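Which chain is which? They are A, B and C, in the order written, and residues in each are numbered from 1.
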Amino acid sequence: MSESAASSPLAAPSARHLSPALHHQFEDIEQQRDAGNFGMWVFLATEMLFFGGVFTGYIMYRSLYYPGFAAGSHGLEVNLGAAMTFVLLASSFTMAMAVHAARAGRRGMLLGLLFATILLGIAFLGMKFTEYSHKWHEQMVPGLNFHPSLTELRGAPEHAVELFLCFYFFMTGLHALHMIIGIGLLSVMAILAWRGRISCEHYNRVEVSGLYWHFVDIIWIYLFPLLYLIGGRYK
Amino acid sequence: MFFIGGAAAVMMRLHLIEPAGALVQPETYNKLFTMHGVVMVFFFLIPSIPATLGNFLVPMMIGARDLAFPRLNLLSWYVYITGAAFTLYALISGGVDTGWTFYTPLSSHYLNTHVITTALGVFITGFSSILTGLNFIVTIHKMRAPGMTWKRMPLFLWSIYAASVIFVLATPVLAIALFLVGLERIFHVGIFDPAIGGDPVLFQHLFWFYSHPAVYIMILPGMGVVSELVTCFSKKKPFGYIFIAYSSLAIAVFSFLVWGHHLFVSSQSVYAGFISSALSFALAIPSAIKVFNWTATLYKGSISYQAPMLYALGFIGLFTMGGLTGLFLASLATGVHLHDTYFVIAHFHYIMVGGAVMAYLGGIHFWWPKITGRLYHDGWARFAALVIFVGFNLTFFPQYMLGYLGMPRRYAVYPAEFQVLDVMSSAGASHTRRRLLDSIRLSSLVHPLWTRSRIESLERERPGMGDAIAASHR
Amino acid sequence: MALEITGIAIPSLICIFLFLWGASLFFAAAQSPQGAMAIFVVGKQWMWHLQHPEGPREINQLHIPVDVPVRLTMTSEDVIHDFFVPAFRMKMDVVPGRYTSEWFEATKPGSYHLFCAQYCGTLHSGMTGTIEVMSLTGYAQWLRENSTAESMAQMGLQLFSRLGCDTCHLSDGTGAGPALQGRFGKQVTLRDGQNRVMDGAYVRQSILDPASLPLPNYRPVMPTFRGQVSEEHILQLIAYIKSLASGERTQAP
């Protein structure tokens, strides 16, 4: 396909500003950067609808089975959740700084910030795992190990709590999966930065990974209140 | 994949010659129609035009060297193959009998066939669609050659663009719905499970939120191809260019709002039915605009009846028929009666086969020389186009009548009174399928190999092809 | 341009007309007339269970009188089915976990196809039956010949005592549960202030999931009967509780 396209009269290689970072299909580095960013935005639109499906289900069932959802929510560890939120926000900050460092072409700073972001991401997953294991010990994992005690149910119907927990595990699990992909992405960026493959002219990849990371972050910003803070906990 | 799906369809039609079922057990029949649906929808219709003609033509038509992300494009091909491998594995190792719609709780709690593998296959293939759509959107937005403004783009690009929007926004919802079905099967509990108060109808909402727009993924590129063919072979400018272009976008937007018309009898509220019916009628309007404008383009044109044009004309006729019968289904009162009968089957085959496949074949014939540098045998190709048109109508027209009389779809055995129409349909089917295969093989693949000498004459015959389209259209 | 506009306007008007016509018929069909004869349907892989309020039960066959509106209340034991009678132009999904309904009025005696129109598994195409539309006298005779010892409400009463419901739901209101006399069809106020009408769906929910319907002044002690009662049983219990509302006396024979 590219051969036939290259024969197009509009392709005039001699007139192009040639840079090693420029892929063959683009006219100039500006266009390449635009396309990359726009591509990621379009991808995030996809992701939004991906999560949108579960959010829709959540909203529907929450209106149907509110007491169960509130009871399930009260069973979650809100402090841990708050800590996770904090860690994730901090990682977003380091990520934003990393993009800044990449743009400025400061390799050492970029590497350090990428590592910080990855570490914070791993810390988040660690806390998530702790919470999952608590749920397991409380026998509150639908499908695999679900024998809730009466105190855990807080007077709400068992099946509604079970539904809430299904959502809890689906949503946070899906989010964790995205975190893992994000960490993988950032690790690749770190390796590229280590090898000096990221220049101030060609920092686009870092920027795009950053967009993805912020998106995953924002999903959590919605998940945290939806899952942890419902049911008038502080009344 | 098309051949596998086609073989399944022929088996089904042969089976239905006898009311009690001539060939297979009901269980096998269920697997056959599931296989036919899954393979045809997810592995043929959706990727057909975008993946072949789209990938080839989009960069050329906008004057770019390539798509924005060639590697992503390659990746989407491998993703597609992986998804197809999973699905084929499911089919070979015992089949799956959920129907292509995977309705819960049947799919999530009751069947013991390879639902997870199939769902995974479709899930994976979904990502291939998303990546392709993403690639087209970015390419069309960011990589148009200087002077190639939106309003100068070939109509094919408008339709591909509209389809890509649907790819990107609808596919993830299907992905998440199938993902949830998979999880429910693995853990035997989940959000569609009525035993814990879950709502199985929620799945239908999520499913059709994807699958209704998906039918426009299938037909929009076809409309784009036909817009090009009609313009080229009537040697006129397209009538009402801007209306055709915007109607593509209107279809894409409306397509997201009408999924409720699949749920008229699913116990959703009557008001939801009311709104989706109204929106479905609204959706008919942009489609009608296209048909009018094609017809107006043909009017007083100097038409040459070459093979691609025959396909395009076939498309217009069959699509109009499919579209008008769609109104019966969109109308609430008749929709209730015709829902899940053979009427629906006939309706969407008129759109999908009569529409998308005709356009695909027309497009392949039209751009075949551009792709391979060789011309097909025009006589054979014209013959095939006519045979497909006739055979198709023989197959599916009786199904309208069957549906109106009340024969439900997905029936392996049926009351004797439907036999006459069923036999007619089956006869048409075996006729069509054989010719369909012939036409693809003979006219497009075999003949070009020994008609090299006609390459030069081609450019004389067809002014305005390939990049010439991009550069000198309008 | 003028041609283009006309080309858009005319089909739009036709569409609007067709839409309104279809919608008005649809709303008429969604609203069952007062005093329609009730039939209860339970779909099950792969057969139809039907019961008349007078007691007779049928499988894959339904006898109804001609020229009488019939209202079906339907639910499913397992997957989604669909009760489709092409000759009556009626179709409605039969969904597990909820009640759906449809109604029709047969105008000609005869025998009509009943299909399941929602794919429901292996023997989906075997889930068919017939609707026998009979003259009024013929139907009355059929009902006599097939009469059972008990009506649906009486079967419900039997269940009511067999399951021990009557140990708490005492008729004088002194039990651990509320008295059920005269309650069906009335409004119920839940503990959180929500108002619900006590209909079939409400009764079904309170049998299967009593904790989700906490009442003021009563402790939530009722256990769930999920797994102990089939959908048919629940319909009989509903018939019984409904009979308590209309004040008709239901005696165990």
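Please note the rule applied: contacts are C-beta pairs under 8 Å (C-beta built on N, C-alpha and C of every residue); 3 or more make two chains touch, one makes a residue touch a chain.
Note that the structure is a prediction, hence the values are computed from the model and not measured.
Asker: Taking touching chains as linked, do they make an open path (line), a single closed cycle (ring), a hub with spokes (star), an all-linked set (complete), or other?
Answerer: complete
Asker: If you average the Cα atoms per chain, which one ends up farthest from chain A?
Answerer: C
Asker: Which integer distance in Å separates the CA centroid of chain A from that of chain C?
Answerer: 47
Asker: Can you give the whole-Å distance between the Cα centres of chain A and chain B?
Answerer: Taking the mean C-alpha position of each chain, the two centres sit 34 Å apart.
Asker: Based only on mean CA positions, could you tell me how far chain B sits from chain C in angstrom?
Answerer: Those two chain centres are 39 Å apart.
Asker: Specify, in ascending order, the residues of chain B that touch 2 or more different other chains.
Answerer: 195, 197, 199
Asker: Give me the residues of chain A that touch two or more other chains.
Answerer: 65, 157, 159-160
Asker: Would you mind listing the residues of chain C that make contact with two or more other chains?
Answerer: 209, 212
Asker: Quick check: in the complex, which residue numbers of chain A touch chain C?
Answerer: Contact set of chain A toward chain C: 65, 67-68, 155-160.
Asker: Can you list the chain B residues touching chain C in their complex?
Answerer: 26-27, 29-30, 97, 99, 101, 103, 105-106, 110-111, 194-195, 197, 199-201, 240, 243, 264-267, 270, 273-274, 277-278, 281-282, 284-285, 288-289, 292-293, 296, 327, 330-337, 339-341, 405-406, 408-415
Asker: Which part of chain C faces chain B closely enough to touch in the complex?
Answerer: 3-4, 7-8, 11-12, 15-16, 18-19, 21-23, 25-27, 29-30, 45, 78-80, 82, 84, 86-87, 89-93, 95-98, 100, 113, 115-126, 128, 209, 212, 226
Asker: Give every residue of chain C touching chain A within the complex, in rising order.
Answerer: 192, 209, 211-212, 214, 220
Asker: Which residues, counting only chain A, touch chain B once they are in their complex?
Answerer: It is residues 1-2, 4-6, 8-11, 23-27, 31, 34-35, 38-39, 42-43, 45-47, 49-54, 56-57, 60-61, 64-65, 142-144, 146, 157, 159-160, 162-163, 166-167, 170 of chain A that touch chain B.
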